[in-house]
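In what follows, subunit A forms one complex with subunit B and a second complex with subunit C.
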Partner chain A sequence: MPTDTLNSLGEIAATNTWGAIYPEMILGCLALFLLVLEVVLPKFAHGAIPRIAILGQILLLGYIVVFDPSGCCNGVAFGGMIELSGTGQALRIFFLLASIFVSYLAMVSFENKTLARVEYFAITLVVTGALSLMAMANHFVMLFVALETATVGFYVLVSYFRQNVLSLEAGLKYLIMGALSSAILLFGIVLLYGAASNPALAGSSEDAMNFQNLRAFLEANPTDSLAIIGMLLVISGVAFKIGAFPFQIWIPDVYQGAPVSTTAFLAVSSKAAGFAVLLTLVKTFAPLSSVLVPVLTGIAALTILFGNFAALTQRNLKRLIGLSGVSHAGFLLIGVIAAQAVPQATNWVLFYLFAYLLGSMAVFAVFAHLPKVWDSDLELDDLGDMAKRNGFLGIALAIGIGSLAGIPPLAGFIGKFLIFVAAFKAELYVLLGVGIVGVVISIYYYFGVIKAAFFEVWRFTDEDEEAEAAPALPGATLTGLGKLTIVVAIAGSVVLGFFQGPLGSWLSGQ
Partner chain B sequence: MTVTDFVPVLIQIALAAGLAGAILTGSVLFGQRGSKNKIKNYAYECGIKSDGKTSTRFSVKFYVTAMLFILFDIEVLFLIPWVLVYRDFVANSLPILGPILFFLGVLVVGLFYELKKGALEWEK
Partner chain C sequence: MTDLFFYLFATLTLGCAFGVVFSKNPVNAAMFLIMTFLGMASLFVLLEAYFLAVIQILVYAGAVVVLFLFIIMLLDVKEENKHRVKPLTWVASLIGFALLILGVVAITSSDNIKATSESLPEAAGASLKNFGYELFTTYQLPMQVTGFLLLIAMIGVIVLSKKVKTDS
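Up next, the complex of A and B:
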């Protein structure tokens, strides 16, 4: 081999800080370990595998939180492929926490079904690792590979209930939409690469897919039409992932059909990863902000309004939460736009994500415990005065929904408040107004869910026939572990509402 | 390169579309027309009526074979270049043995999983 190739390989090898991505490597190895356990353990011991998956993740999360809360190092690694930063570390913890909840939800909702179990947990681990690499990506190749690893995993997870037609439909729709969005993203990347590696233009680079090099090129050529089209296509591809208007069309069907654990995974982790990418890309595309900001502003306003109006008439619980998630994406977009002018807004977006995680997981955990064979059939009426029959689940639902709606003193309120402060500081008055209108509309359907859970539902009774039987008592399968999980989610929502200090200072110290 | 440098591509696209359009229009305008009937519209199959479904189904077991193929295919894909650059890397004290051992370890785990799943017991 020529010496200069070897020298540059040596330089790259020196930046291969494998120790910095140990959580992702451990997640991958744990996934392989689970698969091996499945073939090694006798059949009756297979029930232990989900528990081992959860235990492994809790140990990893505990290790990171206690010994390594701010990450080992800052700066680019692996020859510019990934950027290690405090934000990346915060998101890594976020994804791990979400993945623990998702594994638990899967354990609950698979209990009464005949399905292959182990693969779900292994795929969850791999997807989590890929999502946190995606959040750290500093190069379009890394971004795309991580994104595809996560998305291919999601294709399987969405259609996991293969006896259920709705789950298969959701899987097919997600596959087609996912492929389409990947194609759009890839086309945008190609245009940007083509524009930025053109040696005739100033600031061009041989490694134009690196975000720093791309930014340097865009600074030198802020009016390059090819680059602007490429940027818009890349943003569209990411907008598919976060479910922003007008790319939200897959959300209701996929969220309804997917198993409840996958819905939670999509709604929380996948969306957060999309925002992590968006936060990085907005920094990269900053020289084009005269185009980018109006586009994102329009998307954010329409996303908030669409999500809230579409959720108003929903009766199906998972569709409702999915569409409300669309409006949450809109609020987060406000934060992302504001982050260009107000640097702290990045941390506030992260805080909002943590609040959204805790609130959503409490709600989805309640859904997982409701007695329906397929959770895609859950309607508002199925909640029917649930709170009276199982007070614990009722309170969990009220706190989860309240936090999502942004009722003080819960965490969701603080999250929305910080986003609005960011919008105010960045002088985004139109978006601020739209956001406040959105919150007011959302109160209607969020409180509809609480009302359904706390008040009696009118059921048709005919004197000649027997009254329609009320659904069985929910939560018959609520175990100690289940209670603990839900308590963690709702306690997190309450504590973060009153006392944001530690999380806030940790995020800003990053 | 500017956008104008892509004009040849545009011309190519226009030529392809134009040629195809011209041939189709020409054949409609000048071509001979015969009477249409059901038999003439059949796909030609030696005069025998076509039978069976157009898409055949595969046994799902093929995925295991496909996985085995990928396993060894990728192994070879990485191992041959690895052998070729091994000496250069060692001479320049670049890490080369550890990474490939990790990679092979993952492959062995995959192979073990496949065998335990009964990949080579076709009759099962």
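Up next, the complex of A and C:
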């Protein structure tokens, strides 16, 4: 090995600034610590481990928000593997916040079940770190490794209730669909790499999997058919993760069968990571936008329409929320397309994601507290008279659903409003029209949920049966911690609806 | 000479791949899979990617297929009976095949493939030493993340297959 090669490798190694990714490292170490605790602690103390996981994440989140809100350093690190930016920092906080909610939901829904518990929290932490690295990825190798880490974690988390047949079925379906989407993504990466590292073409690079190098190549050869096919395959692979239209078939079954905490994790964090990747990739593929934008526009319109129409007829709560999540992916796609013409739309997409996080978590927290053995069996009728039986959960559900539907004083409304403003500024009038139609349709099924919870269900039964059919909701299991968590979620939705100042200025200041 | 070897090994790979799909006995299919991997490894040798060829044989032909054989024997899979193929499956597979052919034609007719260069760069994984240096400098972070990937995969397998004691 010649010394100059060694020197250049040494220079690359010097960019391995581990300090820049300390949150991900702490998450990984916390996961290992939990596994060690399971071995070290006596059996009766195992109940404390989930609390330690949540406490550790809250401390980390607090540290980042208070001392390091805009990230330590911008620019590429690790020899171009990741790019640290304000968007990355915002998403890091997003994933951490979502992970705290997910851990709490898992703690609630694992009660009274014979399961291995600790591993769920360790895997959640590793997946969160991987998603956060995925959002920062600046190189296809890093992107793929982080994506696979998250996906492998999700395979386990989806089928975690293994005594429940639906959970196992969901796990198998997610495994096959995930493997298929990874294969499509990899094929696209290979084609792009092959196209961009052909030394006979202008702008080719030896490290063609780096996004900047790839972009330079695409600028030099915007009509390369090999690169266009590769790009379409990569976009298809990402569309699987976000559940956009032709690739949304796995969503209802997987969302229904997975434990409610995993459903929340998939719906919020996994989708947000997909959008982070999409935002980066759309920038990288900007020279090919004459092909990319029509494709994404079609996907966005069909996603909104499909998600809303399919959700109309659903009775199962988790399928309903899953399909409504498909339409949310469509709205976010509008924001991503608009971000090409209107730069601040990137921040609005992030705002929408935060609003979606808070709304979804409130709804999923209510689902986790409903008295069913397996949360995959939750139907609309199970909400019957909930507002009367447990007013607190009823209000939480109303605010969460209202925010997801985009009812004016709540955060979800501002999120949708900003996306529509972005679409208007970017002159995407067709998408704007489709989006508004989608919102109108979605009101129907969102209010179906609220109606089921707040208005008495007509039952032609005598009183004894009614008492059996509608057991009192367990207010006792709703601990102080649980109330606090739900209050944080709904308060976030309400406060962000009235007062976007801090989050908005923080996002745009990035 | 290289062309002759290429056609030889390409035929071997493709023929054995057909064997995997069409053989009724699962053990035979696994054996054909080994031959397919050997053919692919030979193609890697022709491309001067020796390290990749060795890995292909060690990991895929060696470890993965042996695992397949173990599972086939543990599950005691019987010879598969001929089941009727639905018309819809025929249509779908024909469309898939047509798309595949279209893709191959589109890729081979693209300017990128035609514009070949005499001085091809050396692949990063071509020599073991080069590969090691790259792995521990440029690709250090993905490699560490891969460690976590393997860890959670292992934990996941244990969690999903271990018997849970019904104590509470």
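In the analysis below, the second predicted complex is superposed on the first by the 496 of 510 C-alpha atoms of A that agree within 3 Å, B and C clash if a C-alpha of one lies under 4 Å from a C-alpha of the other, contacts with A are read in each partner's own complex, and residues count from 1 in each chain.
Simple rule for what comes next: a residue touches a chain if its C-beta (ideal position, glycine included) is under 8 Å from a C-beta of that chain, and two chains touch if they have at least 3 such contacts.
Bear in mind that the values here come from a model prediction, so they are computed numbers and not experimental data.
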Label the relationship between subunit B and subunit C on subunit A in the superposed model as either fit or clash. clash
Please indicate which partner A:Val40 is in contact with in the superposed arrangement: first for subunit B, second for subunit C, both, or neither. first
Looking at the overlay, what does A:Asn198 touch: subunit B (first), subunit C (second), both, or neither? both
Thinking of the overlay built on chain A, is A:Tyr160 touched by subunit B (first), by subunit C (second), by both, or by neither? second
Does subunit B (first) or subunit C (second) touch A:Met142, or do both, or does neither? second
Quick one: is A:Thr114 in contact with subunit B, with subunit C, with both, or with neither? Answer first, second, both or neither. second
Which partner does A:Val126 reach: the first (subunit B), the second (subunit C), both, or neither? second
For A:Ile486, decide between first (touching subunit B), second (touching subunit C), both and neither. neither
One more residue to check, A:Ser225. First (subunit B), second (subunit C), both or neither? both
Any idea whether subunit B or subunit C touches more of subunit A? C
Touching both subunit C and subunit B, counted on subunit A across the two superposed complexes: 1, 6, 9-10, 13, 16, 35, 198, 200, 225-226
Within their complex, state which residues of subunit C touch subunit A. 103, 106-107, 109-113, 115-117, 119-121, 129-130, 133-134, 136-142, 145-146, 148-149, 151-153, 155-156, 158-160, 162, 164-168
In the complex, subunit B residues that touch subunit A: 1-3, 85, 88-89, 92, 94-95, 106, 109, 112-113, 116-117
The residues of subunit A that touch subunit B in their complex are 1, 6, 9-10, 13, 16, 32, 35-36, 39-40, 198, 200, 225-226
Contact set on subunit A toward subunit C in their complex: 1, 5-6, 9-10, 12-13, 16, 21, 28, 31, 35, 78-79, 81-82, 114-116, 119-120, 122-123, 126-127, 129-130, 133, 141-142, 145-146, 148-149, 152-153, 155-156, 159-160, 162, 171, 191, 194-195, 197-201, 206, 221, 224-227, 229
